[in-house]
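As structure tokens, here come the structures.
In the two complexes below, chain A is the common chain; its partner is chain B in one and chain C in the other.
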Partner chain A sequence: MADVSKTPNAGAEARTLTKSGNLLEATDLKVTFRAPGGRKLHAVDTISIGVKPRETVGLVGESGSGKSTVALTLMRAHEPESGQIIFDGLDITHLSERELLPIRRKLQVVFQDPYSSLDPRMTVRRIVAEPLKAHRYGNRSVINDRVDELLEQVGLPPDAAQRLPAQFSGGQRQRIAIARSLALEPMALIADEPVSALDVSIQAQIVNLLRGLQDRLNIAFLVIAHDLALVHQICDRIVVMYLGEAVEEGSADDVVGRPQHPYTVALLSATPVPVVGGDAERILLTGDPPSPIHRPTGCRFHPRCPIVQERCKTDKPPLVEFAPGRKVSCFYAGQMDPPRDLWAHEKEPLPESPED
Partner chain B sequence: MTVAHSTGSPRRFKLSRLSTGSLQLNVGLVIFTILLLALIGQALFMPASALDGDLPSRLKGPGYQGHVFGTDQLGRDLLFRVLGGLPWSLGIAGLATLILASIGTVLGLIAAWYTNFIRTIVLLFISTVIAFPFLVLALVAVAIIGRGFWPITLTLGLIAWPVVARVIYAEGRGVLTREYVLAARLFGVSKWSILFVHVLPGIRPTILVMGAFLFAVMLILESALSFLGLGAPLNAPSWGNMLSDSRQYLVNAPWMMLVPAGAIVSAVISLNLIGDGVAEISRKRARAVEA
Partner chain C sequence: MSIVEEVAPSASPVPETGERVLRVNDLVVEFPRPDRSGFRAVNGVDIELRRGETLGIVGESGSGKTMIALSLLGIVPLPGKIIEGTISLRGRRIDNLPPREIRKVRGNDIGIVFQDPMTGLNPVRTVGSQLMESALRHNNLSRREAEERAFKALDDVGIPAARERLKAYPHELSGGLRQRVMIALALINHPSVIVADEPTTALDATIQAQILDLFRLRLARSTMILITHDLGVAAEICDRIAVMYAGRIVETGTIEDVLSNPRHPYTVGLLAAVPKFDVRRPKLVPIPGQPPTADDVVRGCAFSPRCSFATPECEERPLLEDRGGRPVACWHPRGSGV
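Right after this comes the complex of A and B.
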């Protein structure tokens, strides 16, 4: 039973897609938590998101926008209040933990903080082998070989296996976490802020590693991030979230190059740009995002919107598909000019720098 | 060095290899090992007659006719009596600690694991048991099941566990909220695996430290119960009984008090040193591991 060895050939495994061609698809996902006093906290409010095979989708928003909740709900760590999650042709919304086991093999996750997502008492070999053992990947030597192979894939030295996470830097730890997530050759990988806990100099390496692995292993990616520049670098499509709702969606170049929603425009202008004199015309949003317990009426963004009108305070703009694959929820979409045209350049690979 | 040399020489025993790196722990372990060896030694080699009295040589001071620690009011040798008390003291306290650590760990982990009504029930149960005054419970228990080795062991073990359960509950919750536990769950690792691979190793230092301290507390409580006449049978050489006997002869034969008291103090100190040492080492290790 335990001696069944697997061929490391992810591409050969058949994937079942939804009608719209998605491998992972969430429809009208709604997640609420109970806040003190019996009130409801609307963490995620009717989000729909789809990831096709080999595609990278970015989910962007500031802290508290509910993007991590979306990730954890897709992994079935939170129970959705309503909505549907379909993965590999199977409705996984209400599967029990036992029924989820084969799904967990194909859908994996990378966490934000490699300092807390690795057990400090376990050696790297045991950490990376954990999912393999859980899914009875093979006997000890098969698992050991696989761990060595994975460590090499993510660019760690072979002697890393015997060491503890504390003996590695943040970037190397995230490599360990990635190796663990890739161990079972998943079809899809959800990365929750995979680089935001790392030094800026290390971020590029991890991003490049993820991109390279996707090309090689044929994985669908859902990347959760707050950094639009990063998401633009690695994603095919972007969904922008604000206070639990999707406000804009479209291809990465289009959302960044021709943002329609004032919130997207503000997010873009907040991204530092490495160009002399490029910091002109910054749109500053005033105040914090409103509480998901007491949400504003009408458009959720109206208290902070620079182009707010009377109508926005009472009516809620629907998410409208104004071009194929391009959605926005704003009555005055496109009426706010992006502050500058610094995003027009083509995507280029990030410079490769030596490991920390 | 050459390969031939290293394979040819037998591994030499080095005392330093046994050292733990903490002076407290080393000293505590040495004293405790001596006590354990004495316990085994007296069980194997001490004849039952060694505990017999010899009325003509009653209340003699240390050194009298080969009585190293002197004799008591019935002329019984105090050294043999204190050795004979080892199973009563160390045995009862050790077994009681095992029982209370097991119950406390299991219940604490159950309360930490479940977030639903099971947690509420277990926590209520823990609080209820904590609320009972220990000595009253012990009195009732001894009144019902009587005196003797097992009654005291069970009384101590079954009453003192809530402290452990409380601490393990808090510690366990701390470990369970770690992201690596969530990660393991999302990778499809089973509940039992998470428990044995992540949670138990995470709370092991706490169990060890609490176990050592509670061992000492149990030792004192066992002596206290015997002293009050609620513990070992009257003739049994329990350290508490010996202390109880010594009260009437404090002025004439102070060694009758000093010998069992010294035994209790050395055992308690060794256990406290072990507890402190383990705590110190696990703190150091945690710092090295988390950094």
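Right after this comes the complex of A and C.
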């Protein structure tokens, strides 16, 4: 790449960034699948996202929004119909599996379900060592030392190595999966709903673990999740997806505190919080998200939009950058009030925590 | 000990005069273990439900909340069984009924909403025929009357074009509509109690909001037990909640009291672990460790190994009893008593 620059400070291994400063960058990514009857399913339609080193970007949407397809396409598990994926300065959009091998070492993934992502017949040591062996990390004792180090990093006891996944709870299994994903010191980690299979009290453990690891290991995170409160908690930036497209993007506080797109407002309003009578009246969307096979004309969101106008039915609003890093695709952006005052807590003390 | 009677009447939005509809007394559900005594998934739970109120049973995986729902329905999966306690519905014991009799109660006097409508509905039969079957089984109706009732049931839960939907198969409906059908099925025979087990957990946020709205507006006066892991969902539709941990209720009270003044350290911990919309993003405070599994032997307070306030006193199990105005099973309750 001509327009890339090396960053000297980036940990053990130098990262090569795009001119926008992204370690991982997808431009105009489009993914379609063949649906029965020869029709096209538009899973992802022309999305661009970038993740900088040490940054956490959240990709938020409901089922069928295409968020997981984006993740899998970035991992090159799906072939994009068009668009470009650049990672560490290299265009990986069309690399062969063989050429991808060194990339896979640097770009790792953690899946949602720690029950199906770990081989039940392998010991934890073998599970965590597997990527190390595949990438010829070193001899047996080097690998064993690395596994012990990793288990400690993710907060598992040393004797965990000898045991099988079935002997661990969901949260501990997710720690094992994270240890495996960190084994090769990746530059970037894609986490697809990393905590949504876990209980609330355990979720917080894993969220804090991921944050701590990011600070220590200088990793770029792309987090796919449906829970806006969680994404707001852990992400620097948020991209909101609807029916395969990005409808809003910006800093986490901005998207959640000053949402511009009616869908973002509705999604925020739909999230239940454990406070009685704490929320303003809920904005209810009618109907369900439409099918990615038969997409509505004009704005994809118009059949459910509370403030729809005539032109939304025929004209498609472009994703416009209205402030630096802040994008929205709506003709009537900003016309709905945010459902909650994000800064309201500033007047109150923090809730009591058991550590107090 | 009952739950209702210990709540200060003024604190409850539900008139205390409501007739007692359901009473669960010292319920114990046990699963055999190969080596030692059985594992008690539910371990001495008391519940009282009055007409028109919604009680939330809140807990995490393995806390026993779903097993309570299954006990009410008489469908505790084998080899588990109710070994102690009683369940009474409108004054009549239903925990010891023969299968034939409990079937007359289930779907009739107790309506059921499960988490996943795809498993709760028969995929090869139309929505209308399933609704009509339930109406016909429990009532003396003509087919025409049953069809009218099925239509009314769908219409009542906000399904548009209800007449045509009677002919639809479950797979032809979206997830949100299917859950509405489940609710219609639960309501069709005007049950005394509705048991809803995680009714919105499988749904997307915007669809969940629609169903919660349905609960709030159209089922507000229903008598209901809501099983959920989500304190946010409970906050929306419950009058009272009971927080469960390791098979026992650890705290109970009106939803306002429990959320604004949590007293059991587990409830305090749960609330601190939930991400909130706050620009300061206070670090989430996890509860350390793991809940006990079916293989663990629990002594004293089951939460004490994870509790930062535990003292030697906690080796003796604290009973769920009034501590400063509300039932809490803890020697060292947090927050303030009344």
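Note that the second predicted complex is superposed on the first by the 329 of 356 C-alpha atoms of A that agree within 3 Å, B and C clash if a C-alpha of one lies under 4 Å from a C-alpha of the other, contacts with A are read in each partner's own complex, and residues count from 1 in each chain.
In this text, a residue touches a chain if its C-beta (ideal position, glycine included) is under 8 Å from a C-beta of that chain, and two chains touch if they have at least 3 such contacts.
Because the structure is a prediction, the values reported are computed rather than measured.
Q: With everything superposed onto chain A, say whether chain B and chain C fit together or clash.
A: Aligned on chain A, chain C fits beside chain B.
Q: Let me test your reading of the model: by the given contact rule, A:109 touches which partner, first (chain B), second (chain C), both or neither?
A: In the superposition, A:109 touches chain B alone.
Q: I'd like to know which partner A:201 touches here: chain B for first, chain C for second, both or neither.
A: After superposing on A, A:201 lies in contact with chain C but is clear of chain B.
Q: Based on the superposed arrangement, let me know which partner A:49 touches: chain B (first), chain C (second), both, or neither?
A: neither
Q: Give one of first, second, both or neither to describe whether A:266 is in contact with chain B, with chain C, with both, or with none.
A: Second partner only, chain C.
Q: I want to verify one number. Taking the Cα centroids, what angle sits at chain A between chain B and chain C, in steps of 10 degrees?
A: 80
Q: After superposition on the shared chain, which partner residues are touched by A:130: those of chain B (first), chain C (second), both, or neither?
A: In the superposition, A:130 touches chain B alone.
Q: So, A:255: does it touch chain B (first), chain C (second), both, or neither?
A: neither
Q: Looking at A:26, would you say it contacts chain B, chain C, both, or neither? Reply first, second, both or neither.
A: Neither: A:26 stays clear of chain B and chain C.
Q: Check the contacts made with chain A and report whether chain B or chain C touches more of its residues.
A: Ranking chain B and chain C by residues of chain A touched puts C first.
Q: So if I take every C-alpha atom in chain B and every one in chain C after superposing, what is the smallest distance between them in Å?
A: Scanning every C-alpha pair, the shortest chain B to chain C distance is 12 Å.
Q: Using the touch rule from the top, collect the residues of chain B that touch chain A in their complex.
A: These residues of chain B touch chain A: 178-180, 182-190, 193, 197-198, 201-202, 288-291.
Q: Inside the complex, what are the residues of chain C that reach chain A?
A: Touching chain A from chain C are residues 60-61, 174-177, 204-210, 212-213, 229-236, 255-256, 259-260, 265, 268-288, 290-291, 293, 307-309, 334-335.
Q: For the complex, which residues does chain A have touching chain B?
A: Counting only chain A, the residues touching chain B are 75, 77, 100-101, 104-105, 108-109, 111, 113, 116-122, 130-131, 133-135, 164, 166, 177, 180.
Q: In their complex, what parts of chain A are in touch with chain C?
A: Listed in rising order, the residues are 62-63, 169-172, 199-205, 207-208, 226-230, 232-233, 253, 256-257, 266-276, 278, 282, 284-285, 288-289, 304, 340, 342-343, 345-346, 350-355.
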